[in-house]
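Across the two complexes that follow, chain A remains constant while its partner is chain B and subsequently chain C.
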Partner chain A sequence: MTDVSFVDGLVRFIFVAVLITAAFLLSTRSLPSLLRTYQLQSLLLAMLAVVFSFVEGSAVLLWIAILTVVSKVLVIPYFIGEIQERISIRRDLEFHYLAPASSILVSIALIIGVYLSLGNILSSAYAKVEPIFFIGAVIGISLMLMGMLVIFSRTKAITKVLGFLSMENGVLLFGICVTELPFIIEVMIMIDLIILILLTTILTVGIDSTIEAYNEKVRQYSLWTVREEDAP
Partner chain B sequence: MIGVILYLLFAGLFALLLGTVLPLLIRREDKPVRTVSLIATALGSAFLAVAALPVLFSATTVSATLWHLLPGIDFTVVLDRLSSLFLLILGVVGLADAIYSFGYVEHGGHPMRRNLLVSLMNLFLLSMGMVVLAGNMVQFLVFWEMMAVSSLFLVLYDFESEGIGRAGLFYAVMTQLSTVFLFIGFILLYGETGTFALVPASPLASPGALAAFLCLFLGFSVKAGVIPFHKWLPYAHPASPSNISALMSGVMLKVAVYGLVRAVLDIFALDFTSGAVILLFGITSAILGIIYAYKETDIKGLLAYSSIENIGIIFSGIGLAVIFSDLGMPELSTLSLLAALFHSFNHALFKSLLFMTAGSVVAATHTRNMEEMGGLVHRMPFTAGLFCTGAIAIAAFPPLNGFVGELMLFESLFFGLQVVDPLTKVLLIFALSLFALTGALAAACFVKAFGITFLAHPRSDRAVHAEEACRSMLIGPAILAFLCIATGIGSFQIFSALGYDLPLPDMLVVGMLIVVTLGAVVLVVRATASRETRVTETWGCGLLSQNGRMEYTGTGYSEPVVTIFSSIYRTEKKIDRTWLDPDRAIVAGTRAGISLIKFFEEYLYLPVARGTLAVSSLVQIFHAGTLDTYILYIFVSIVILVLGVGWFI
Partner chain C sequence: MNGPFIIFALLNVGFVLLISPLFMSLIKKVKARAQGRCGPGLFQTYYTIAKLLRKETVYSSASSWVMRVTPYVCLSMAVVAALFVPLLYVPEPVAGIGNVILFLYLLGIARFFMALSGLDAGSAFGGIGSSREMSLAAVIEPTSIVVLAALAVVARSLNFLEIARDSAGMLFPVSATMILIGVSLFIILIVETGRIPVDNPETHLELTMVHEAMVLEQSGRNLAMIEYAGAIKQTLLIAILVLVLMPFGLVTELSVAGVLFAMALFVVKGSVISVIIGLFESSMAKMRLFSLPNLFIIAFFFSVLTIFIEVFA
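== the complex of A and B ==
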């Protein structure tokens, strides 16, 4: 029923959209729109899984899509939204090491590098026969690296968490396109993420918002010992 | 036959395992636990020795694959003629040491710690046995490391005492260094052969193999205590309990020798240069080891330095074997290799004997300083007799085994001199003269060790109150003393039974001649000497009372040699005087001190340590302490990894 070129176009559109959301995560300063961007990214991935499941007729991909929608589009953003409500911080203005413009430049370089590198690893024949999957793999790894960029270049705890979640999206994308992880592992990853969010909620709610202040808090409760000279 | 041997092997290993586990499981403080465990040690060692004997004499190879660990890596036990010799060493020394330990371990320390000592001793023996029996590199490394760790804990047994922590630290660092070199060597070897089997199908001679050999040689040298990698040895041997010193010096150093011999014989086809390198390291260790030993006043320190000397002699034999086989002289090569192997066996016997008897003396007098001993021959006559036997053997007096081993080495040098080209001749003459000096110094050194410790009057109260060691602490060393005499006198017969026709004198005849001559001399002296006895006191320079402090001291004994070799000892004499008057005419007091500059510590170890510190402080710059920076590092490394993988595959 599906036209091959239509599916092809749709998948390409999703890839581009995912990349744009990643770029947004790197540069947006407003926390609510960061959250919405993440929600959108997860939704795009769920759509991708649905499209692939129809093309390949695979039920597992459909389940993955459902799981993604439930956890990453509904549950996790809900919790993060709660945190934002409580800490009443709306914007993340500080950047470490890389300003938004330069981090986007770095990401472009990354995508090109990963493309060249993966072109060597996955044999060129594979890249020619299944160009879509190949590009998916490239974008998956790039998304992961960009998530990492978010983690270290932004200071607010919530943004870091979003960066981590975006890294996980990269893994999911790579999994959908190349290796197809077993379903149980996908479920385990989801559970891990939800627990991470719960922990973040518990530890940050009503307290502080940056990692430094967070360390301070942890030290107060002596959850982990920090040497005196490290204290700011 | 092979089935019986395997059965004995596994029984022995199982007994040692039992001896390891038992004192840990039964947490009781009383003696029976340790007794049972030590019986297991003795039985296990005896089984291993009995299993090794038929293999040694019939030159068969026994091997069994127990299970497949990973594809290509089997857990294999291989016992051939070479490993059987070293297993025999382990069995004999282990048996004697276990008997000795019945009495020795009860000499102090908390009861639970004694249990640990017994347990670790079993583990130590077990791991050394498994290294010797290892059929592949993985097994070899695993048990090598187990041996290192168990012996490290044994060195630290008495950890509250002063200096033990330092000894443990030195030992830990050096033994890890040895493992690192072995690791690299084995990895390079794997690169050459593509298999984890210890012995490749044919000996290797490529440049890669040479690099692997160098790494293995360094690794084994560190463990064997070859100068300049010896620094841990004079710290660790005196620090550990004496039954463990006996095992470390008698067996563990031999395990390293086993590794080197295995590498030289089966793994690599070496050329003249490698042989010369081994020979040079050997000579250096031999001569410097005995020169340092001569100076020592710590009785166990003296024995430790003497171990370095003997390891040097063994290494020289191996080096000569390589040289002669490269020059196409298989008979001489066999002779020098046999000299090295026989000396390994002998050294295991007499050095363990000496360490055990020295341990008895230390346990009786509570000091390791020889200057505080003296007169013990009257209080500990049996221990003195046993120590004397060991000293005669190690000083290479005929007809004991030490003489035969060194004779073989000298013979191979002499015969070699007649057939090699002039340049090699220079090398051999150089080696020969240094060996002669080593032999002379060793004899003098053990005259000092025995004389100062056991003869004359007691030099301190501690020596006055010393008591003879208990029965088990005499039986253990007695076994070794008996073997020292037996293998010396029967050496010709032993080599014939092994199938080697060596140019050796029949020591049985020589021994008889010596006994007859000595007997005749005694008879003649008895017959002709005057029977008159005169009881008097030695002239004491006119002083009225004479006490132990006026006796000939160990330091005094070694003074001439120290003066001769002062450039090697690099001693520093410091004299500070104070005067009563401004014109410096009346001396108020003088302080004089002699200190030893630790050459290798100053010029080799400390620079390396300082270099490491400098590098670490460079690395410390990256240790910023903020989360973001660490994530940046991870990010950069992942990017490099991803790009690098794409680039190189």
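== the complex of A and C ==
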């Protein structure tokens, strides 16, 4: 762990891999693999936190890693997996406004735009002294924007939830790299997310439809009877 | 031109010529096994080429000199390209040999003549094949360039021989980002050799064939040369992937034992990648022509990000 160039290479690898998972969230059509992609993205962030905690010797980052693994790699994907078991669709084939190829090109433009604007905001000295952390911040914000791109370019509600979760991962990455957020805030964000996922689990009925057809679906079934029917 | 370089040239080209058909049949074998068939023997491609060499060459009455010259262009470009990628022994680079961009455009010339010969015979299928190949090439080329540029940025060199000299003797890739480049290179390998998500090398169905449609009018010795050139191109791309991901085993000092060891090791490494290609092909369905850009764009995105991270961080 003390080998600087090894750590450097590893961190770069994780940065690129995180953005690749975001690109897959934009373009993959099968819902189970979308979920696995999100799981992988969270796992990568946890790995990054572990690497940084070893380099800097801070225990908080280690706790953040543990929290991320427990909530985002295990609990949240488990609930979303349950939702997918319950609804009959396996694919999300429709795209609004942007086809996958063009949204990936747009995200390249986003990353470069974020790099340029962040370079102006954070002082250039910071970018020179700690280039890895600076790029981490850039990638964190890009990940947020790409999550936003997922939310508006894809139609199924379940994919939109994954886009939102990916946005939150971007915030986490930004937090790890730039301003160490207090641990309590991380915990609260996590609890918020879990409650969000629980709510979506309950609202399962509507989630296999597009947002436009959502109200009709909710009116069509009463929530609780549907749950009892589906869980024998 | 110095002594070691001439030895390198003879050794490398000879070894590539010797081994290329083997990987071709190995991939066929793996695919056949995955489909529950027995498959051809490992030396089948050698027999096929030997058989084709004995057959008579037939030209369409509509064809011109392009048809006659294409097989020679393809094979000679492949052999020259074989000088660029070291498989066994790495000498000091000499005068532009090993240049990444030149390598790409040597393959480009072969592809250009292939497309011309598809049009030349005056058959409708050849025209369809050429048109498809060229429209694919227009999309692939920026991707290939960016992938190789990313390789050059990470390895800090535009020359395959220098890249190989830097990494020779290392057990693992030079840096972790090399693994990402390996993924993009794998996509390029699949695309350039016309394998399954892009093109099916086994089909002769007019709706789907791309590469096969272009060589439909070739026969006899000419067909043998074109197939041989395809096999060489595949071996070279495999060798680049090996260079990036598994650099151990290359020798920088000439010795008989070292070269023999490198030969054995390269056969093993190349076989590993061939098996992976075979399994990958078996696990995929052919993509629609219009969804192919999604595959390229992933490789493109990988490489742009790698360059971005390497340059700015």
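Assume the second predicted complex is superposed on the first by the 211 of 232 C-alpha atoms of A that agree within 3 Å, B and C clash if a C-alpha of one lies under 4 Å from a C-alpha of the other, contacts with A are read in each partner's own complex, and residues count from 1 in each chain.
One rule holds for everything that comes next: a residue touches a chain if its C-beta (ideal position, glycine included) is under 8 Å from a C-beta of that chain, and two chains touch if they have at least 3 such contacts.
Computed from a predicted model, the values in this text were never measured in an experiment.
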For the overlay on chain A, clash or fit between chain B and chain C?
fit
Which partner does A:Leu149 reach: the first (chain B), the second (chain C), both, or neither?
first
Between chain B (first) and chain C (second), which does A:Val60 come into contact with in this model arrangement: first, second, both, or neither?
neither
If you stack the two complexes on chain A, which partner ends up touching A:Phe15: first (chain B), second (chain C), both, or neither?
second
Return first, second, both or neither, reflecting whether A:Ile194 touches chain B, chain C, both chains, or no partner chain.
neither
Output check: A:Ser27 vs chain B and chain C. Expected answer is one of first, second, both, neither. What do you get?
second
A:Leu118 in the overlay: touching chain B, chain C, both, or neither? Say first, second, both or neither.
first
So, A:Ile141: does it touch chain B (first), chain C (second), both, or neither?
first
Quick one: classify A:Leu105 as touching chain B (first), chain C (second), both or neither.
second
After fitting on chain A, the minimum C-alpha spacing between chain B and chain C in angstrom comes out at 17
Contact footprint of chain A on chain C as seen in their complex
175-177, 179-180, 293-294, 297-298, 300-302, 304-306, 308-310, 312-313
Taking the touch rule as given, give the residues of chain A at its contact with chain B in the complex, in rising order.
96-97, 110, 113-114, 116-121, 141, 145, 148-149, 151-153, 155, 211, 230
Chain A residues within the chain C interface of the complex
5, 9-10, 12-13, 15-17, 19-20, 23, 27, 100-101, 104-105, 107-108, 111-112, 115, 131-132, 134-135
Considering only the defined contacts, which chain B positions touch chain A in the complex?
625, 627-629, 631-632, 634-635, 638-639, 642-643, 645-647, 649
